[in-house]
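Look for subunit A in each of the two complexes below; its partner is subunit B in the first and subunit C in the second.
Moving on to the complex of A and B:
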């Protein structure tokens, strides 16, 4: 047990390192900060809610730098796309925070947050599931016909619509191979920023699907570029949290050490898989987080009568982190076997790549 | 793509390990000499009495904690220092009992030169995992420059650790190539 002088409580260091590591792995793989997983975990360890939130945001900023460095090496970052989006994201985050304060004044914040997050996450979960299943099927068909399938396979024409909007200035994103109106990118940044600011998260779980389905980036590039975004938005959020007195730097430090290891593995793991595999994990992560948020919503709607709902919501969220890590580890394990020509389950070949 | 240069990787790993180590050592030094805590518990946001709430973590109505009021530079044990809004906080402060709370007299009472505290520092709700602080972290203002320093520290640490890890994979000969995003049907 370590005595955290600022938070004013004790917690085992290895739990913080472990949490940092698991969330680092998931975040490095699907390009999210993982705020929706870390905050409940820290509350379980005994940190006050506001401290949990502040520690989480501060550690996300540092962890994203670690993951961004590795994704840069993997060629997963489109700097033009990322920098074009940053301004919109920051503006959106500020608007989201103000919207949150407005709902607080109306006495709605808890409910509004949960209703909003459940609705958005269910919508994204359903859409990504349908789209990814379609892509999975298409890869199977292409493989059977003898075609060499690439890293990415998209089963939606939605990005074409947005790329055809010819509002100037037009930007050329060389890495993502996209020519698109800057306004589309800025508006995506503002929209995802509003949601991120309102829900108090990094916003990766909204921004990655937006980059794939609206802007038209490949999933790997969406993940890398989004992590670059999180460095900026997370840094800004961390400053605001510190100034509100919500951060215990020692706890952040231990989490960063774990996250450094996890983020390395998560980022490198992306090189073993195809785009739909990342979207699958993102989709399941959204689905599982929704169940946790739904339990909390029912708990609030029943006037906090059933304490076990809140308890299970937290347990479920912590379990989700472990499940996702195991899922990523299994994908890498089977990918290595597949490369070596060994037996793998039938659903694996469509999700992993045989060579670099 | 050229093979990994392991010697270069080893140098990169060692250099960034030393830099990361130096940054971490500096961070711990800041923590142990109290600078980190000073940045956090910087100024009084409200007028009242600066306290170290951990010292009365078991206080209750039946067994109140009695804090000695005085102008102490460092709060040790059951002591309270009167502060006005905007004052720099004495060392070891981790919360402020504001004047309003003392006037109400329900949780804290003023008795001559002592404060009688009748609530613990943290209350755990019966439902779920909710912890509520009574006076800890209350009424304090952090140093804005401390916030900028903390964010810069975390970003720099992330950079040095990330680069160190990059050096490590090079050193062990792990080839990490750029992903070919656009090969094959997509």
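Moving on to the complex of A and C:
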């Protein structure tokens, strides 16, 4: 146990390092900051709520820099797309924070946050899960018929609708290989920024699906470009929280030790898999986070009468991070085995790339 | 074991079970004392 003077409590160091490592791995793999997992985990470890938020944002800013550098080396960042979006994102975050303050004045913020986050995560989970499952089946069918399948396949025509909007100026995103109206990109940035600012998160779990299903970027590009956005928004958030005294830098230090390693591995792991594998992990993370948040919501709504609900909420919060890491490690392990011509489960070949 | 792992849903449930079990151990041995309820 380590005594955190600024936070005014003690917590096991290894748990902070482990949390940083697991969320770093997941974040580097699916392009999220992980705030929706880390903040509840830090509260569970005993950190006060405002401090958990501050530590989370600070560690996200640092970890996202590492992951972004790695994704740049892998060729997963479209700078035109990222820069076109960042202005809209920052504006959206500011609007989201003001909306949150408005709900606070009306006395609705707690319930609004919980219900809102559960509704959005359920919606995203269902859509991503269904689309990814269809894409998985399509890859299986194409592979059986002998066709060569690339790193990405989507089972949705939604991006075509948005790419056909011809409002000028039109931007050409060479790395993402899309031509799209800049207004679509800016509006996606504003919308995801509002949600991020309102829920106090980096927004990756909303922005990655938006980049994939609205803008039409491949999953790998969406992950890398989103991490670039998080460096900007997370950096700004970290500065604000630091100036407000919401950060215990020793706790951040321990988390970043783990996050640096985890983010490296998570980013590199994306080169072993196809787009649907990343979308599966994203949808699982949304689904499990929803279950944990829902249990916590019911526990609070029942005036904290049923202790087992809180126990399950805690176990889900910690278990979710472990599960996602184990799944990512499995995908890399099976991908290496598949490349070596060894036996792998039948559902693996469609999800992994055989060659670099 | 191969037959179990060959089914994606079963594999998913297996991993989830292991993860929740590990999380429960973490709760019992490290978190129970420090948790805010």
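In the analysis below, the second predicted complex is superposed on the first by the 351 of 356 C-alpha atoms of A that agree within 3 Å, B and C clash if a C-alpha of one lies under 4 Å from a C-alpha of the other, contacts with A are read in each partner's own complex, and residues count from 1 in each chain.
Everything that follows uses one rule, which is that a residue touches a chain if its C-beta (ideal position, glycine included) is under 8 Å from a C-beta of that chain, and two chains touch if they have at least 3 such contacts.
Fair warning: this is a prediction, and the values are worked out from it, not measured in the lab.
*Asks:* State whether A:9 touches subunit B only (first), subunit C only (second), both chains, or neither.
*Replies:* In the superposition, A:9 contacts both subunit B and subunit C.
*Asks:* Of subunit B and subunit C, which one touches more of subunit A's residues?
*Replies:* Partner with more touched residues of subunit A: B.
*Asks:* Who does A:345 touch here: subunit B (first), subunit C (second), both, or neither?
*Replies:* Once the two structures are laid over each other on A, A:345 reaches subunit C alone.
*Asks:* Is A:172 touching anything from subunit B or subunit C once the two structures are fitted on A? First, second, both or neither.
*Replies:* Touch partners of A:172: none, neither subunit B nor subunit C.
*Asks:* Once chain A of both complexes is superposed, is A:98 in touch with subunit B (first), subunit C (second), both, or neither?
*Replies:* Neither partner.
*Asks:* I'd like to know which partner A:46 touches here: subunit B for first, subunit C for second, both or neither.
*Replies:* In the superposition, A:46 contacts both subunit B and subunit C.
*Asks:* Going by the contact rule set out at the top, does A:253 touch subunit B (first), subunit C (second), both, or neither?
*Replies:* first
*Asks:* Could you say whether A:327 touches subunit B, subunit C, both of them, or neither, answering first, second, both or neither?
*Replies:* Second partner only.
*Asks:* For A:314, using the defined touch cut-off, is the partner it touches subunit B, subunit C, both, or neither? Pick first, second, both or neither.
*Replies:* both
*Asks:* Going by the contact rule set out at the top, does A:137 touch subunit B (first), subunit C (second), both, or neither?
*Replies:* The answer is neither, since A:137 touches no partner chain.
*Asks:* Across the two complexes, what residues of subunit A are contacted by subunit B and by subunit C?
*Replies:* 9, 43-44, 46, 304, 307, 310-311, 314
*Asks:* Which of the residues in subunit C end up touching subunit A in this complex?
*Replies:* Within the complex, subunit C contacts subunit A at residues 2, 5-8, 11-12, 15-16, 18-20, 22-24, 26-27, 30-31, 34-37.
*Asks:* Using the touch definition up top, name the residues of subunit A that touch subunit C in the complex.
*Replies:* So the residues of subunit A touching subunit C come out as 9-12, 15, 43-46, 284, 304, 307, 310-311, 314-320, 322-323, 326-327, 330, 343, 345-347.
*Asks:* What does subunit B use to touch subunit A in their complex?
*Replies:* Result: residues 24, 27, 31, 36-37, 40, 53-54, 94, 121-122, 126-133, 136-137, 140-142, 144, 146-148, 150-151, 153-155, 157-159, 161-163, 165-166, 169, 176-186 of subunit B touch subunit A.
*Asks:* Taking the complex as given, what residues does subunit A use to touch subunit B?
*Replies:* Residue positions touching the partner: 5-6, 8-9, 43-44, 46-49, 51, 58-59, 61-70, 73-76, 142, 147-154, 177, 218, 220-221, 231, 235, 238-239, 242-245, 247, 249-250, 252-253, 256-257, 260, 263-264, 268, 270-271, 299, 304, 307, 310-311, 314, 356.
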